[in-house]
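Below, each structure is written out as structure tokens.
In what comes next, chain A is part of two complexes: it sits with chain B in the first one and with chain C in the second one.
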Partner chain A sequence: MTDYEIVIGLETHIQLNTTTKIFCSCKADSWFDPPNTNICPVCTGLPGVLPVLNQAVVEKGMLLAAAMHAEIQPVSYFDRKNYFYPDLPKGFQISQYDRSLARGGYLDLPMPSGYVRRVSIHKLHMEEDAGKTKNAGRERLIDFNRCGVPLVEMVTGPDLRSADEAAQYLIRLRQLLRWIGVSEADMEKGHLRCDANVSIRPRGADYLNPKTEIKNVNSIEAVRDAIEHEAARQIREVEAGNRIEAWTLEWDEDAGVLRKMRSKETEADYRYFREPDLLSLPITDEWKERVLAGLPELPLERRARFMQAYGLPEYDADILTGERNLSDYFEAAVQAYGGDPKRVSNWLMNDLLRMLNDTGRTADQLKVTPQYLAEILKLVDANTVNTSTGKALLAKVDQSGKAPRAIVEEEGLAQVSDDSAIRAVVQEVLNESPKEVESYRAGKVTLMGWFVGQVMKKMRGKADPSLARGILEELLGGG
Partner chain B sequence: MSLTLEEVEHIANLARLRLSDEEKERYRQQLSAILEYAARLQELDTSQIPPTSSVLPPRSVLRGDEPRTDLTLEQILANAPQSEERQFRVPPVLE
Partner chain C sequence: MELCDLSAYEIAQHVRSQKATAVQVLESCLERIQKVDGRPGALDAGELTAEDRLRVHAFITLTEERARAQAEEVDRKVAAGEDPGLLAGVPVSIKDIFCVQGTPSTAASRILANFVSPYTATSVARMEEQGALVLGKVNLDEFTYGSSNESSAFQPCPRNPWNLNHVVGGSSGGSAASVAAGEVALSLGTDTAGSIRQPAAFCGVVGLKPTYGRVSRYGLIAFGSSLDCPGPMARDVTDAAMMLQTIAGPDPKDATSATVPVPDYIEALEEGVQGLRIGLSPDYFRIAIPDARTGKYHTEPVPAEFEQAVLRAAQVLAEMGAEIIEDVPMPNARYGIPAYFVISRVEAASNLHRFDGVKYGYRTQRTPADLRDLYRKTRAEGFGLQPKLRILMGMYVSAAQYSEQYYQRALRVRTLIRRDFDQAFDPDGAVYVDALLTPTTPTPAFPLEAVYGDSVMMQYADQLTVPANHAGIPGVSLPGGLTAEGLPIGIQLLGPDFREDTLLRIGRAYEVATQDDPWRQEEPQSAHL
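Entry: the complex of A and B
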């Protein structure tokens, strides 16, 4: 059998997290609102109304374009895309066609197996969302809340080569959108929607075969599953001597099957023309500079810097830069601590991440501030508390919001490093356990752990364990 | 530049217009004449003339991102031929 490779391009629709819609002052987010709560004459397409562009939509679009390394255009235009569907009350969608907000751009995907896939961006433009329809018996009910919600549509080149790469694109895009604060990017709420164009060709070929378009692949798993199904189907067809037809397919996530959809309009059928109700959109250098001054260091740049500047393994750097405020937290803690960054990383990844996951909070909501984490690490380094007391302190600080040092003093948690105090307790343990002492002296040296445990228990965990062990060895060793 | 009857039918379908045979022929002739006129305009050399898809100079007219409410649900639903559960009710979609 021929060795095939899959060729994939993704079309994504990204819902921007502005307060209001793109062309009217209705609230944009209707997730918790009943149908038709946030509607007005503009977004329901009443006669005689005029759209007015929301400045925040343009600025968030500019941030996204810059984060995708795309070129923001000094002048762009809006166009009408004409089609009839009940969820589109005007009979056209205001979009951008040939002169859109930005050109070019790419996103790098570091793949878990070690290589980096660079995905080019073919299209990046602003547009309005349509409403929602649902079946009600033989008729349909229409909710216009979503009409006019701002979207950025972004289309990649045919650059992805596997279902895993397609999934990774969505994962990295979602991370980036949240990182730069332009979208909540919650796929379950439809903030990030995806269609996939899929074709196959013999590995190494440089031409493109006819593709099919899969609609509605709206979760990471759906993208992976739908593409794998479709690629396998295409390979079966080609191997059987059939041609691939340019179908539009719909992914049924529950049933795990692809269904053929009725063919949609072709591009020419949309009869695009300049939107006469909106002016062109000039973007001056001053405006662009002011907006882009708010663009933070991007996740992949920060990931690389964490590995280089702090000597972190790739695994640590990847997790710590998963979310922007987690990476901010890490960096603030490293600075406050001044010691080995890997130690900060270990405590964050082992203990604090669990606290975050258990309580559904983000790092900036922790009462254990980066400064408090650094203080706890210093207390452990100075042997003021031992490691297990240090870890217990995380929870105590997070509950009370008090400084670690204050809790240590209040609760008398400081480790006892006083030789004579530990020596007295060791003597007590030995007096109470003649049998164990005898066994130990007869050669059962594994009992040492048990003796240390007894001492720690009597001292409520506060003994310096290595000191206790030394004294035990000294007093027992005599036999 | 002469349109075929099939092209007229396709355009009518996109605009959701049902035309009689007599109308189809009439529009075929009228639309062909318009296209011919546009084709004549295209013969002009406009390479030295700035594009005028709008006669207004480039200028930003933008709105602040401040929410405001407008008509009530009742006022807007009053325009719906039929409504149900706060929503517009329409016939099933074609096909």
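Entry: the complex of A and C
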């Protein structure tokens, strides 16, 4: 059997998280609103209305273009894409065609198995979303709320070579969109929608075979599954001597099957022409500079820097840069702490991430600020509290919002390092446990842990454990 | 003279000084409408009666209640010493291509016959803010597609007040007729290829097409979005200036509206023409018509009466101190109509997509088999001939395989036409003029039904007006005499971007100088009904 490789390109529609729609002042986000409540004459295409471009859309588009390393064009244009559909109230979509916001660009995907896949960006443009159509028996219901919600359409080159790479692209894209703050990128809510173009060819070939387009793959799992199914189908067809036809397929996520929507023998003619109701869109250097000044260090750059500057393992760096808040938190804590960054990473990854996951918050919402985390680490380092008290402090601070040091004082949590105080308690424990003392002295040295535990218990966890152990060893005379 | 025959300027004066109330003005206009307008345009109107042939039929919808409420408000303001606005008590009609909240906004098409707009066009709102009384919506060619108003789905279509057997022109025909017949003092029209200036010329009124972007298009049901301009129609230049003053200026709802400051048009009116350079172009004294079979152009001079009217105006202006520059070259003017055929139809076809029977307007009463069938039946029944022709042609010339050959080429022609004007208006150019003086149309108003049905010939009625739309520059048509048959002749002034003030000033000077001409004393036929 021939060894095949899969060739995949992804078309994504990214809903920008602006307050208002792209061409009118209706609220853009209607997730919690009933149908047809965030609408006006403009976005419902009444006769005589005109679009007015929302500047915030352009600025978010510019941020995204820059983050994709695309070249922002000094002048771009809007065009009309003409077609009939009930949820497209004007009978055309205002989009960008041959002179769009940005050109070129790429996204690097570090794959878990170690290599990096560079995915080229073929197309990046702004456009308006259409409404939603719902079939209810013999009726079609249309919700215009989504009409005019700003989108960036981004199309990759045929550069992805496996379902995993496709999934990884979406994971990295989603991370990036949230990171630069241009989209909530929630696939379930349709903020990030994806169509996949799939073809196969003998490994090593440099031509492209006819592709099929899979619509409606709206989760990362769905993308992976649908592509795997489709590639397997194409291989079966080709092996059986059949031709692959340029179908449009739909992924049924529940049934886990692909359905043919239509044959796509000829491209639809959308009769694109310049939108006469909008002027050209010039982007001056000043504007671009001002907007891009707000572009943060990108996740992959930060990931590399965390490994290099802080000596973090790739695993830690990847998790800590998974989300911008978390990575900001980490850096702020490292700064405030001044000690070993790996120690900060450990505490973050072991304890704080769990707190975040349990409560569904992001790092910036924690009451344990990076400064408080650093303070706790310092308290532990100075033996003012022991490690377990330190970890307990995390929860206390997060509940009260009080400074760790204040809680330590209020609750008397400071570790006792006073030799005579610990010595007195040790003596007490030994007096109360003659049998254990005897066993220990007879050679059962593993009882040491038990003795330390007893001392800690009496001192409500505040004893310096190593000091307690030293005194025990001394008084038990075993050492 | 009745109140309704006064100019807008005089009416506002009367109302402000309490010589007349706005309500009295309204009553006078309603009486005039009652007397001359006949039955309003309606769908499925049946045969024309003998009486229909003797009426103007400018209106589709009367908005008497709206006008009355406004008139009372104006009178209240005057009584209370508040500013009633520049157009205080001035009766106006609105071409039924503008959306006005709570009124049917039909575009003279069956497909929008039942559409009541939930919002008001910016230019209409601005007039009402300045105290204008909106008496109603007036007829036009369906979706503005025509030059005679005969294509309106609302019949009887308007008839020319100067000769009721002739067309009013179009597409702002109801506007021109309502102003000419004294039913209103002002009307809001639109001009895509001459749709303000040509009916103004046919009906003997002033029609101003402003610079593209000078007046907001918000609320204007679009035809050719890159060409459409709302503008004033009035009985004299001062009134046109007052109306432009009211409606001009940037609009946050129209991205193509210009932010250029609006000058004081009224103040500039009486400044005269001393030192102004006014051009005449041979390319505007003949029309070029392609032979349908060979595609070759043959040219015909405009009728002698028209040429004389323009030359007489030039002479009058020269006597007042203007310098007349002859032989201004406008070599690309003749391509205006073919380029317009292509560009306007591409935009029109796209603009008509929204009329699909889904959201508003007409929907087929027959049971559709599926969605596509709903579209087809609705659009087949809802659109008249003109929209259908334009959709067909627009879809054809914008198709991927033809776009380069037609649409892209037409856009290049448009650039050339613009260049003709840029060169003529360039202060450092070879021939520098402040304005160009031309006939508005190659013919007077033609008899009803004489040209209708010949789409190409109908379009060539716009040959002398359409270049201004391609170029985006302002143009005004002024009454310039009467033909031997007693039909109005229009003369046109074209100027550089945003120089409406210059055009109005020249127009006003011409008006003053010809005040006592015998033709100015003539009354339209409608005055004797």
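In the analysis below, the second predicted complex is superposed on the first by the 471 of 479 C-alpha atoms of A that agree within 3 Å, B and C clash if a C-alpha of one lies under 4 Å from a C-alpha of the other, contacts with A are read in each partner's own complex, and residues count from 1 in each chain.
Here, contacts are C-beta pairs under 8 Å (C-beta built on N, C-alpha and C of every residue); 3 or more make two chains touch, one makes a residue touch a chain.
Nothing here was measured: the structure is a model prediction, and the numbers come from that model.
Trainee: Please tell me which partner, chain B or chain C, touches more residues of chain A.
Mentor: Counting residues of chain A touched by each partner, the higher count goes to B.
Trainee: What is the contact status of A:277 with respect to chain B (first) and chain C (second): first, second, both, or neither?
Mentor: second
Trainee: Using the superposition on chain A described above, determine whether A:139 touches chain B (first), chain C (second), both, or neither.
Mentor: A:139 sits against chain B, while chain C stays out of touch.
Trainee: Return first, second, both or neither, reflecting whether A:206 touches chain B, chain C, both chains, or no partner chain.
Mentor: In the superposed model, A:206 contacts neither chain B nor chain C.
Trainee: Please indicate which partner A:289 is in contact with in the superposed arrangement: first for chain B, second for chain C, both, or neither.
Mentor: neither
Trainee: Answer with first, second, both or neither: which of chain B and chain C does A:86 touch in the superposed model?
Mentor: Both partners, chain B and chain C.
Trainee: Contact-wise, after the overlay, does A:52 reach chain B, chain C, both or neither (first, second, both, neither)?
Mentor: A:52: touches chain B and chain C.
Trainee: Mind working out whether A:188 is in touch with chain B, chain C, both or neither, as first, second, both or neither?
Mentor: Neither partner.
Trainee: Once chain A of both complexes is superposed, is A:19 in touch with chain B (first), chain C (second), both, or neither?
Mentor: A:19 sits against chain B, while chain C stays out of touch.
Trainee: Touching A:41, do we find chain B (first), chain C (second), both, or neither?
Mentor: A:41 contacts both chain B and chain C.
Trainee: Which parts of chain A are in contact with chain B and also with chain C?
Mentor: Looking at chain A, the two contact sets intersect at 41, 44, 46, 52-53, 82, 84, 86, 140, 142, 269, 271, 276, 279.
Trainee: Applying the document's contact rule, which stretches of chain A touch chain B when the two form their complex?
Mentor: Contacts found on chain A: 18-20, 24-27, 34-37, 39-41, 44, 46, 52-58, 75, 77, 82-86, 133, 136, 138-144, 262, 265, 269, 271, 274, 276, 279-282.
Trainee: Which stretch or stretches of chain C touch chain A in the complex?
Mentor: 98-99, 105, 107, 112, 115, 117-119, 121, 217-222, 224-226, 252-256, 346-347, 349-350, 352-356, 358-360, 371-372, 375, 395, 398-400, 403, 407
Trainee: Help me check something: in the complex, which residues belonging to chain B touch chain A?
Mentor: Residues 14, 16, 53-54, 56, 58-71, 73, 76-77, 79, 84-93, 95 of chain B touch chain A in their complex.
Trainee: Under the touch definition given earlier, write down the residues of chain A that touch chain C in their complex.
Mentor: It comes out as residues 41, 44-53, 80, 82, 84, 86, 89-92, 140, 142, 269, 271, 273, 276-279.
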